[in-house]
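Structures follow.
Look for subunit A in each of the two complexes below; its partner is subunit B in the first and subunit C in the second.
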Partner chain A sequence: MVRIDDRLIHGQVIAVWCKHQRFTRIVIVDDGVAADAFMQEVLRLAAPPGLQVDVLSVEEGISALTGNPPNRGTTMVLVKSPQTAKRLYDGGLKYSALNIGGIGSGPGRKNIFKNIAVSKEEIVILKHLLDQGVEITLLTVPGEKSKSFSDLAGKL
Partner chain B sequence: MINIVIVSHADLGDALIRAAEMIVGSTEGLYSVPLLPDESPESFGEKLEAALLEIEGQETLILIDLFGGTPYNVSARQVLRENVECVTGANLPMLLELVTSRDDVTLSELAEDIAQAGRESVKNLGPMLRK
Partner chain C sequence: MKANKRQVGIAMGVSLLLMVVSVAVVKAAPVAQEPQSVNLVMAFIIGVLYYLSMSPWFANLGFTVLYRPLVAGALVGIVTGRVGEGVAIGANINVLYLGWISAGGSLPGDPGLAGYLGTALALGGGLGVDGALAVAAPLGLLGGLTWSLRMSLCSIIPHWADRFAEEGDVDKVARSNYIYSQPFLFVIYAIPVMIAAYLGSGAVAAALGWIGANAIWVMNGLFAASGMLSALGIALNLKFLFQGNVWPYFFVGFTVTSMMGGNVNLVMLAIIGAVVSYVHVLFTEGLGGGEAAEAAVEREAPGLLTQRDVFQAFLRWLFFSHSTYNWERMQGMGFAHSMTPIIKKLYKTKEDISAALQRHLVFFNTQPDVGGIIHGAVIAMEEERAAGADISDDAINGVKTGLMGPMAGIGDTLQQGILIPIALALGISIGLGGNIEGATRGSLLGPIVYFVLMAIGIWGGGWFLFWQGYKQGRAAVTNILKSGTLNRVITGAGVLGNFIMGALVVSFVSLSTPVALLIGGTTFQVQEVLNSIMPNLLPLLLVLLIWWLLTKRNVSPTTIMVVVIVVGVLGSYPLWPGVNVETGEAIRVGLFG
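Let's look at the complex of A and B:
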């Protein structure tokens, strides 16, 4: 699964998603975290035993994931933003489904569903991915109400 | 005096402070930095930095609600600073222990003490009381 969550690994992801779908591996693709060894320690400490956490820069992510495509059911590819999700897609990781779990609000950002806020630039990126045939679902945790981005796209 | 900063989801920190003050009275050097539902980790990080700037250089114990949560992810790096310790699993007994013992021990002893206090405060009453 490919997920956008600007909080990366946190309570919800570990407690709910990993239990729900039995992920054994999380691959974080983010230039900032890949350059921050301490942050990687902090994130790894929070992962339960049996859950492998890999941290890669976007360039590394593209070559590792396209060269050796991960198992969709047991691997979660985690990115912070639609921009990174698009870079992975354009780099060759042609995922067919994208989960958006959470993106914080801020100046220039508009809340579109629950705890997901996007900028104008991100709306364009998501619409572009939608046009490529990617199914985009807004869902924080399984069990909660989800929303398909295609339903919202017309009004954005 | 050792400052206490509680970082938590929603208003758990504020509520813990209110509860503690009900028991020990009004207290100084107690701060709460809440993570709001739609807030980004970056914005939360800025709030924490601003709060720490106010108590610049003084010894601080950061009490974190949930190990592995976003407040933890953002705050944990503070242990690299001199004069800062962080302990997760914030509960009322730990906060009370903090407030009542902070003048008596060093900062690193305090962190160990409240970790212990937190663990010891959890009791399953049924087996203890049903004899």
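Let's look at the complex of A and C:
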């Protein structure tokens, strides 16, 4: 599973998704975090027993995930932004489904669903992924209301 | 912004409509022949209590304590003058919500609504303890409606706060967090519950009267469904606990309790569980100091702030973190509000104050108690910056956005996944006086014990982490995590949690069958055969079945709830072969006893 969530690992991911899908490995792909030793340590230490957390830069992520594809059922690939998701896709990680869990609001960003806000640039990126046949779902946690990006795309 | 304006319009319209409808409905309601067991004043207080449980006025004990059905039932009992029954009903409803987790702004069902309205209807309608859960459970599903409205509407308030921040007005920013949202929340929470409690209890009483006269088996069905719904609550919690290498303790708890005939004091069981848990942790993880044996290094504070200032910030966070919770910024306003005493003290010019306010009004979301360590660290950075250190906005933002996720992951797992269920299980058990199954009157001691446990954890633990964050800066996070204490607590609590859930299967899930077969003049009671294999076999199998459906087949809790209620009620139709115990003649019985 590939998920966009600008908070990366948090309660929804650890307490709900990982229990629901039995994820045993989370691969965080983010250039910023990959260059931040303190944050990497926090993310690894914060993972509960039995959950492996890897932090990779986008380049490392592409080679690691395409060269040695992880088990789709037990691995969650976590990125902060649609930009990174697109770089992974263009780099060769051809995922068929993309989950958007949360992107915080800010200047120039528009709330499109619950706690998910996107910029104009990101809308273009998501539409591009949609055109490639990626099924994009806006869903915080399993069991909550979800929305398909293709239903929203026409209005954006 | 367009969407926001529309939402405000809709919300205001709905609020006004509710007001008008409530007045009209209450005026037009037929005067009951018998004295109302829930009169208008009581209904109003119950509505207010429900609002308070979602309000910021109780130092974070609203959502964690008042919102729980155990406490809600007790309070409704006090309001209606039937404390014992209120506690017992609330405790029974609460079993369904033992595994309830609201993470990151999601609200799967509403225990508060089930607790306040469910208890009011069960008490007012004369449903009693045994059938309350079957009525309360569907009510809990309705809460999601108001939640969505609240999260959308409150998204408008941060934009007002942005303006006040530009003006550099600290007090107005603080006020916009704790005042503006509350009248609206009061209306959407208190009014509907007031109306439903007032009119609903009469409706429930009428419906039960009809059932009693025409289809008594439906009554048995409600009892059966209630007993089985407890299994769903336990299974939801097991989704969390029943894994790793700690799941076998579930069966230890189950068998120990079952051997004692189910009539056991859960506090004593919890002591056994705690000892077992200690031994397990000792052998699997050791009790040593982990990686960070060296003492945590305290940073050198520039001395611009006193402990009192930090405590002021802590108090504001403790009370008002979720006061204006909304989709757009989540706890962003709560964060800015908690920083106001610090900003006032550190910055003197309008430009500096305005910049600091704007810096902290951005999106923020974490678990409030564990996440307080971030506030501490940010206060430390602000202090050093004010003292002249070169700390950029980006550095401060980086700490906030980087840490809020991991701290929420730890906090939600620890608090909602493990500590609240264990504390609730103890409170429920004490409230029902150990003799859990069939207890129709409970004791206030249960909710009080739960309240005290939560207050110690949230106030004590919360301040400890907040203060450590300030003393050590962001290194506090790695220092605390490295010691390995957290993993030991999670593992140990997992053992204890499994043990207690096993015990609760015996105490709370009631499922038995009166079906009997007459074969060649000899009666075979199915239940006796099952008991000879193992007592409480059916409750155990039911819990495991629901756990399996939830985790392996991804069936939603709502679907299971509906199926359980339907099967419980319809299965109670007297269609099955049974034997009259006294006369020995063959009769028709329901599936569940």
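By definition in this document, the second predicted complex is superposed on the first by the 156 of 156 C-alpha atoms of A that agree within 3 Å, B and C clash if a C-alpha of one lies under 4 Å from a C-alpha of the other, contacts with A are read in each partner's own complex, and residues count from 1 in each chain.
The rule is short, and it goes like this: a contact is a pair of C-beta atoms (placed from the backbone, for glycine too) under 8 Å apart; a residue touches a chain by one contact, two chains touch by 3 or more.
Worth saying up front: this structure is predicted, and the values here are computed from it rather than measured.
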Determine, for the superposed arrangement built on subunit A, whether subunit B and subunit C clash or fit.
clash
Given the touch rule stated above, what does A:94 touch, subunit B (first), subunit C (second), both, or neither?
neither
Looking at the overlay, does A:120 come into contact with subunit B only (first), subunit C only (second), both, or neither?
neither
Looking at A:72 after the superposition, I want to know if it touches subunit B, subunit C, both of them or none. Which is it: first, second, both, neither?
neither
Tell me which touches more residues of subunit A here: subunit C or subunit B.
C
Which of these subunit C stretches, 239-247, 311-319 or 509-517, gets into subunit B when the structures are overlaid?
311-319
Please report the subunit A residues shared by its interface with subunit B and its interface with subunit C.
6-11, 14, 38-39, 42-43, 45-47, 104-106, 111, 115, 117
Which positions of subunit A touch subunit C when the two form their complex?
5-16, 19-20, 22, 33, 36, 38-39, 41-43, 45-50, 102, 104-106, 111, 114-115, 117, 140-144
In the complex, subunit B residues that touch subunit A:
37-43, 66-70, 72-73, 76-77, 80
Sort out for me which residues of subunit A touch subunit B in the complex.
6-11, 14, 38-39, 42-43, 45-47, 103-106, 111, 115, 117
Would you pull the subunit C residues touching subunit A in the complex into a rising list?
3, 101, 103-106, 108, 151, 155, 239-240, 243-244, 327-330, 362-363, 365-367, 398, 401-413, 416-417, 474, 477-478, 481-482, 487, 490-491, 551, 554, 556-557
